[in-house]
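One structure follows; several queries about it will come next.
Order of writing sets the labels: A, B, C and D. Residues in every chain begin at 1.
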Amino acid sequence: MKLTILINCPDQSGIIRSVTTFIHQQKGNVVYLDQHVDKQAGVFFMRLKSEFEQELDLYKFKEDFAKELATKFHMEWDAYTDVYRPKMAIFVSKYNHCLYDLLSRYNSGELSVDIPFILSNHKDLEYVAEQFGIPYFYIPVTKENKSEAEDKQLELLEQYGVDFIVLARYMQIVSPKVIDVFPQKIINIHHSFLPAFAGAKPYHAAFKRGVKIIGATSHYVTENLDAGPIIEQDVTTVSHTHSVKDFIAKGRDLERIVLSRAVQLHVARKTMVYNNKTVIFS
Amino acid sequence: MKLTILINCPDQSGIIRSVTTFIHQQKGNVVYLDQHVDKQAGVFFMRLKSEFEQELDLYKFKEDFAKELATKFHMEWDAYTDVYRPKMAIFVSKYNHCLYDLLSRYNSGELSVDIPFILSNHKDLEYVAEQFGIPYFYIPVTKENKSEAEDKQLELLEQYGVDFIVLARYMQIVSPKVIDVFPQKIINIHHSFLPAFAGAKPYHAAFKRGVKIIGATSHYVTENLDAGPIIEQDVTTVSHTHSVKDFIAKGRDLERIVLSRAVQLHVARKTMVYNNKTVIFS
Amino acid sequence: MKLTILINCPDQSGIIRSVTTFIHQQKGNVVYLDQHVDKQAGVFFMRLKSEFEQELDLYKFKEDFAKELATKFHMEWDAYTDVYRPKMAIFVSKYNHCLYDLLSRYNSGELSVDIPFILSNHKDLEYVAEQFGIPYFYIPVTKENKSEAEDKQLELLEQYGVDFIVLARYMQIVSPKVIDVFPQKIINIHHSFLPAFAGAKPYHAAFKRGVKIIGATSHYVTENLDAGPIIEQDVTTVSHTHSVKDFIAKGRDLERIVLSRAVQLHVARKTMVYNNKTVIFS
Amino acid sequence: MKLTILINCPDQSGIIRSVTTFIHQQKGNVVYLDQHVDKQAGVFFMRLKSEFEQELDLYKFKEDFAKELATKFHMEWDAYTDVYRPKMAIFVSKYNHCLYDLLSRYNSGELSVDIPFILSNHKDLEYVAEQFGIPYFYIPVTKENKSEAEDKQLELLEQYGVDFIVLARYMQIVSPKVIDVFPQKIINIHHSFLPAFAGAKPYHAAFKRGVKIIGATSHYVTENLDAGPIIEQDVTTVSHTHSVKDFIAKGRDLERIVLSRAVQLHVARKTMVYNNKTVIFS
């Protein structure tokens, strides 16, 4: 059995030694350890993977860890076994490229999640959900019914025990009502190299500015639009020969890749958030 | 003898045919032709290279070209022989990496220009100029003497017949007084992926935002700070393990490369400006 | 109506002028022209797009073009209208990532082709074909029946009027029997940065060598294994932290992108082959 | 005072715990720890940085470390303080771009080394050495005098206490006589994406093959030509429009960057070699 522990706490001497000694006492073997210190903020981050030959009583382990280490070092922390497959809901609007990408990875076994449902404010992509045999919920969102629509979303999310949400070009602003229930658990793909071209129509803005490189950014959703902690970014070159339509077509490939990388990092418990930034372990 | 012609004009039928026929009548042979149409703006751009076996009377050629083609098609255009080496002034402040890069390329013969002088508002880099045997002018700039200092700059630029200026991390805002004399002839390197992080301290801002990619941008200087037509951009990945100091170090390599590429494109007459954007011919 | 003309011929003076004049006489308007001269080989390449307001008699146009230009300049050439959607067959084996990628692009309208069928030597991916409602032919290939199997393939290819074949990780060597019928019309994806790691198990070989970058290469299939004209390549970084399994996972994203780009270039008539190399127009 | 420790040993339980406990006992504080396990080879690698408030008796520290840990875990290891600046000799031939790049970084303080001398089999670059005030030794190498010439090289290397050698486009094969004295301490830059195009004239070979991406590779020199452990690689795109000369020009930028990155990694003690591959710590 494998256990992944994520820790952040005020930096001080002895954390690594104490944690590795604790794992050893629990008859575990550390197989991976990566740590990072944000010197400005004075914060220590660690991701540690250990193997246990005997069956581990996770509840007891966590209780002991809390008592012996977490309190002492003022840790924010969590521990995950590799047995549980997180439940990922996908929110979409009308574009199918990110949805197809995620579902084909899911179908290939690339993506170790369960997908309880796909949710949309449009009916357009129901056929894709059907192709892959996944429930599709159509909840239209208008200015008037937004709050009510989000209530329905939250109901579904709770009912299906969803762990995190992927906005695969959802094209709607998610309100604090939902964000607060899924803090650092909503992953968005924005079709620009943030912080450049935040907001609507980034490809049009990039074309107008005459940039030579366009990008895509995946980030955790926060209350500030397109301003949450960045998980992953990538770029591709463009030139004067490319129209806005070409930007959009090239961008689709970026969006697919950048979103799926971010989802993979999240699922692998390789991301930590601090000060609106991410630590991404390797 | 080789001749490079750059043209832009309202798009209409028959331009390529007319120009290639004209070159043929002048006993030239077209060895390269690249064209682009900005459909939104309705503008046609062309770069054409031709070889002439006999000696060409450039003055007569230009006169005929103007009479027979330029007026008819309402062209903005120019023609350059490959004999003339443009005169490039370099403005620097205290950082030496871009300066060293340009001078070593110049010394290797990579860069087909003459460098009449290096100019700075500080004495710090005089030793580099001396290493390469190039005149160095120290013109301090303060809030009070800025206008006067720019007069001195313009005097030197005129005296040495400078064709274009490279701001190799000059760290001073160039005023319209100088820009107007060198329109689309001042090349700046900005140490961010514009339009993200325009203005001062872009590496600090990028660090604060937690981006995963940083960049550098070379552009023609206009009156609006860091908003001129972009010639070249490039990026490199960063992570949470990098400090601001690391961003700056990684950025130096980007700045060197991006600036030198932009200078090469300008020298090779591969850049045209329209609507605050560039057409970069291959 | 739009017409794309691809030409290659021995380089000489007057080709551009003659062709653009011919288009003009046919009442066409040149909207794009890109040309390239391979100086070593003395060969001229051109891609030209023109618009015709009136309906064009393509047969007559081609006849005139052949008579007036092609013979005179010893051209290899062809002309394509934008009306016809080429028919693309996909050959697969057991991996589904490239297949999913192509089909989702096809479904989104990104890929302007018809897909008459998917063909495989295994039954594994029949379910994907069914998801997208495309015929799937299972033709097992063994050492013993290879020639016979290829006969069946050729029959299907002819019956469905297939224009070109995409080997989306087909994992079988295609013999000259098929290649000769589809010269420069079979596109393969090889999972390495060719010419490094040609042949079987390139990710394993790359891992063993300890490279820091892996790649994928799309090329036209010729009789020499993995040695045909390269259409497109891309790379991604790896490190000592990546296992062979990680190489394979990262490689899948490269394979998807590189293959789809190559297919797009082929469909857009932007590729020409000469001396076992490609000219790729922009 | 800071101490960097590099360790590799057969993988087993308890190494991290034992080492961090040892550092603690020596009144040090671990400020960075990165580890890697090569599962196939069963080897554990670690890089650890620690700070000591009091002055550290390095000799005593090493003696204790050897006695208490190194023997027990069968470690290959070394410890480096941040006080010592390693002595780097540069070998060149006729190309100046890598040399200029290294010297300008050295001059800017980017590169924390001393450069006791530059050595060449040609006189061509003596002027660059003079520009930077560094001794230049001219030792011509021919087939006949090679062994003798290498004796002279070894004499100089010993006399100046050189720690490692950078072959900045040296264009000569270094024989085992020299390699054996500087194992994993000679850094070469090869102008291709190894293992593609090993040996002479890689840009010509790349051009002939029609690749769409070219690269450069920095590696430790071993007896097998261009086959040593790879430290760093990078690539850039090319197209049919580029001649061999263009490949060479684009390649120069790659060579500069890739070599300097490799040198930086070596100087920062971030490289370890195992099974002809490198572990590169972040």
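Convention: contacts are C-beta pairs under 8 Å (C-beta built on N, C-alpha and C of every residue); 3 or more make two chains touch, one makes a residue touch a chain.
The structure displayed is predicted, hence computed values, not measured ones.
Participant: Averaging each chain's C-alpha atoms to get its centre, pick out the one most distant from subunit D.
Facilitator: C
Participant: Please report how many Å separate the Cα centroid of subunit C from that of subunit D, as a whole number.
Facilitator: About 42 Å, centre to centre.
Participant: Provide the C-alpha centroid distance between subunit B and subunit D, rounded to the nearest whole angstrom.
Facilitator: 36
Participant: Which residues of subunit D are in contact with two or more other chains?
Facilitator: Answer for subunit D, listing residues that touch two or more other chains: 239, 241, 282.
Participant: Chains as vertices, touching pairs as edges: which of line, ring, star, complete or other describes this one?
Facilitator: Chain contacts: complete, every pair touches.
Participant: What residues on subunit B touch subunit A, complex-wise?
Facilitator: 36, 38-39, 193-197, 209-213, 215, 229-235, 239-241, 243, 275-280
Participant: Can you list the residues on subunit D that touch subunit A in the complex?
Facilitator: 13-14, 16-17, 20-21, 24, 29-35, 37, 282
Participant: Please output the residues of subunit C touching subunit A within their complex, sorted ascending.
Facilitator: 96-97, 100-101, 104-105, 107-108, 110, 131-132, 239, 241, 249, 252-253, 257, 260, 282
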